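Take a look at these structures.
The following pair of complexes shares a single chain, chain A, combined with chain B in the former and chain C in the latter.
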Partner chain A sequence: MTAELLLLQLANGLSFGVIFALIASGITLMWGIMDFINMAHGDLYMLGAYGVWLSLVVGVASFWLALPLAVAGVLAIGLLLRFTVLRPVFGRAPLQTLLATYGIGLILQQGVLATFGPFSKEIPFPVTGQVTLGPLRYPTYRLVVIVVGLALIVAAWVLIQRTTYGIWIRAVAQDRTMTAALGVPVPRVYTVVFGLGSALAGIGGALAAPLFGIGPTIGADVILLAFIVVMIGGLGNYVGSVVGGVLIGEVIALGAIWLQPTEAYLVALGLLLVLLLVRPQGLLRAAR
Partner chain B sequence: MSAWRPGRRTVLLGGLALLAVLPWLGGPYTTLILTAALALGLFALSYDLVLGVTGLVSVSHATLFGVGAYGMAIGMTRLEAPFWPSVLLGIGAAAALAWVIGFFSVRTAGPGFIIMTVIFAHAVESIANVWTGLTGGENGIILAVSRVALLPGLDVRFTAGSRSAYYVVLACLALAYALCHWLVGSRLGLILKAIKGNEPRALALGHRVGVYKVVVNVIAGALAGVGGMLYGLSQGFVSVDLLRVLLSIEVVVWTILGGPGTLIGPVLAAILMSLGVDYLRSVTHQYLFAVGAVTLLVVLVAPDGVGGLIDRLLGRPAPAARS
Partner chain C sequence: MLRVSDLHVFYGPSHVLWGVSLEVGAGAVVALLGRNGVGKSTTLKAIIGLVPARQGRVELATPAGWRDLTPLAVHERAGLGIGYVPEDRRIFPHLTVRENLRVGLDRLALTPAARRQALERAFDLFPALPELLERQGRVLSGGQQQMLAIARVLVLSPRIILLDEPSQGLSPLLVDSVMDAVVRLGREGIAVLLVEQNAVAALEVCAHGYLMDKGTIAGRGTAAALRGDPATLERTLGVTAADVEDAR
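Up next is the complex of A and B:
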């Protein structure tokens, strides 16, 4: 193994990690703010990937046009769910949100399977070529994923930290009843959080589509790693989920040098178990 | 309301008698399906100890069901061990995994437990899918047993659709029910109910809540493993389908619909609903739509189970949806 390979995998790990962070941050936000376990989150990611593919198939000229279309589609589906079947579920016990969202995820998966078939789709890289980073020649698209993903993660963080909605969101996370009593429209906060989480998952899926391929079960495949990331970062901790995402991305990428993908997953799981032994509350302090 | 209400024992014996005559009403295929449904009933019974009695939300119960079945199957085929040691291997594997899952999951606070069980369930499913040399993947492991010597002088035919297999599973279900019923009434059962009722108070009373949660997961896991073995034996093979997250979710749905903590309710719900899914699977490839829809509808329409739904329809006050 050369130092170059190690460097390349470290950089790849960062691109994996950004995608994991995009998914995990939505899960952790939904939990931290409204006690909502979203088992369909991986399927929103899957829809993001299919959205890009479908846009390109029906004749959208460029990936960079298809990406916002796909994200808008996932956001629309997420909001539709929030205002229809999920509306009575918000505020219920974790078991109820878990079952409802699992049911929805299963229906989404089967719907995609029935509509587009079981075979995986591929889309070409929107930008080809490589850039030279010091000693490393790195695929341009992966660099784009890292930059775009990180920018969106930071943008979402600014939204939570700096805007009025952000203040409301954090207030609801701390004390829902008190916040509602102070006149904050809690249902609208739920809408914003659910929409934000759905959009982040959709972006993750859309960005990952050229890298990982597209199939009905890619959401179910990624949800395991996403939950591991969420637990490592501390359930409900936004920054933790980003740090955890990058960490697990590196584990998977470095593991890929020596291991099969599933074995690398197990290393990620092992990391979580060790962490639980030494720091049961997660890497960073959990939100509550 | 009529004045005569049958006692619990009468209902149970009546139900048992009904189950005993059922295989004589149809052919081998009916018996095969009924046997599977009973094994799933035993599986749901074991889960009721976790969710219904202790109020613990675990999404890895099918993992234990499947690992128990695989433990036995691997013992019998890959290791060429005799029947009973293979069974012990299955129970041991399920109980050991239940301990591992419980040990790590109780270390996290509140909903972390649920998510940890989700993680373990997905992880085991991924391993089983990939490690086909051990598990046989989608095709599974074929159990080439036609005759099993349960005890000296008591041979059971485990060919597909045999009535003797049906009765063995029925007897195991009845025994397991008796065991669970005794357990719920025992001192351990009282502590488990205290954990469900008010966990901080149970802690304050000096009960080691974390230990009890692991213990109930191990007991229920071993029982689920037995269910998995019976399922595998009656079907003649063990496949990855037995340990899918989907089945873990289904057992939660059965337990909620049947009435958590009632023991008999989840068993009935499991038997009826697995028969329903079997029927759907035979008429359409899209049966998973229905499974997803039922999972969603349970939350929307009957979060307190069938009993709660009937109460609500009759205008009786129902307890708010909890746990």
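Up next is the complex of A and C:
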């Protein structure tokens, strides 16, 4: 193994990890703050990827225009779900929300399958070529994914730390009834959390689309891993979910140096299970 | 300012409030006294909406006239000008003091000047607070938490503050300073409904008092009249005449 290969896989791990982090951060916000387990979250990621593809197919000139369109579409679908199907099950027993959102996920998958067919779609890299980073020549688009993804993750973190809604989000996570007793419209805070989580998943799907291909089950493929990432990071811990996401990306990428991709995936899952056994509260505490 | 009539509350199958009625006038400090577990805190929770009332009404005087709060959600009741300071203070542990104050304050679209004024009002009452602004809620002492809990609703310019056991767990010196704060709230025209087990301290600062027993109002009167009726105080509160005299 050469140093270049190691560096290359570390960088690849970071680009996977950023995408995991975009998905997991939304799950951790919804779960930690609203006590809402959204099994359809992976399918919002899938819809982000299809959104970009569809925009390009119908004639949007550039990926960079298609991306915000796709994210806006996912946000709209996410909010539509919140106000229609999810409102009645919200606050019920976890099993009910779990089954309801799982059902929504299946409907979204089957809907996409029926509309666009089973074959995976591909879209060209929006930027081609390679950049030289020290000893490493690295595909420009992967670097873009890392930079854009990290920038958005940081932007969402700043929003949670600094803005009024951010303070409300943290207050609700710490003491929901006291937040309401101070006059804060808690249902509106939930809507913001849901919207933010949906948008982050949509962005993840849109950024990942040129890298991994697009199919109806790509969301279902990542959701389990994303849930484990959330547990590793500490439930409701935004920073933890990002750390966990990057960690899992690195394990898969470094594992791929010696192993087949499926074996690397198994190793990652095994490692996560061990971590869960050893530190059930997550690597970082379940921060509120 | 606040009118509660025939309030009935159940926790599951158990009937805990049996037709509580009380009134708090504008700018009045009114005490709700009673032994542990007679329903004082539950009455406050039912007023702000944290526990549902099975029967009865809660009405608040607003500039637009009396408003029935019964169908409103907790945050809507608070938005009409009810400040709730719970028994255990419920400071957000992982927010700073400044952020604790912002939770309510940020929902009022205040100009920067009005916002500063609202904070000044709270700092005026609790001069120690400005130094604590960047501290996390969880590291505050009991007395500091109590100050913050009151300040957190005071910055919202409430019409009435529901104050649940503010003296609990505080040293006698701090109890005095919290009670002084209650007196000043009343002077500023904010009505206060004060729930206290420390009846002696409460009767020093309020104009009127209600005595609660087993989920009902067992007696009412001016503070002076209640202090002058040691037999009733002893029966409903377990306070002896000597306690009242000692406090003088």
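Just so we're on the same page, the second predicted complex is superposed on the first by the 286 of 288 C-alpha atoms of A that agree within 3 Å, B and C clash if a C-alpha of one lies under 4 Å from a C-alpha of the other, contacts with A are read in each partner's own complex, and residues count from 1 in each chain.
What we mean here is this: contacts are C-beta pairs under 8 Å (C-beta built on N, C-alpha and C of every residue); 3 or more make two chains touch, one makes a residue touch a chain.
As the structure is a computational prediction, the values presented were derived from the model and not from experiment.
In the overlay built on the shared chain, the residue A:W168 is in contact with chain C alone; chain B does not reach it. Once the two complexes are overlaid on the shared chain, A:A181 sits against chain C while remaining clear of chain B.
Of the two partners chain B and chain C, more chain A residues are in touch with B.
Residue contacts after overlaying the shared chain place A:A76 against neither chain B nor chain C.
Contacts of A:L224 after superposition on the shared chain: chain B is touched, whereas chain C is not. After overlaying the two complexes on the shared chain, residue contacts for A:V158 are found with neither chain B nor chain C. Against chain C, the residues of chain A that register as touching in their complex are 164, 167-168, 170-171, 174-175, 177-186, 287-288.
Here chain A touches chain B in the complex through residues 31, 35, 37, 39, 85, 88-89, 92-96, 98-100, 102-107, 109-111, 114, 220-221, 223-224, 227-228, 230-231, 235, 260, 262, 265-266, 269, 272-273, 276-277, 280-281, 286, going by the rule given at the top.
For chain B in complex with chain A, the residues that touch the partner chain are 57, 59, 104, 107-109, 111-112, 114-116, 118-119, 122-123, 126-127, 130-131, 246, 249, 252-253, 256, 286, 288-289, 291-300, 303, 321-323.
Within the complex formed with chain A, the chain C residues making contact are 48, 50, 73-75, 78-79, 84, 86, 90, 92-95, 99, 102-104, 106-107, 152-153, 156.
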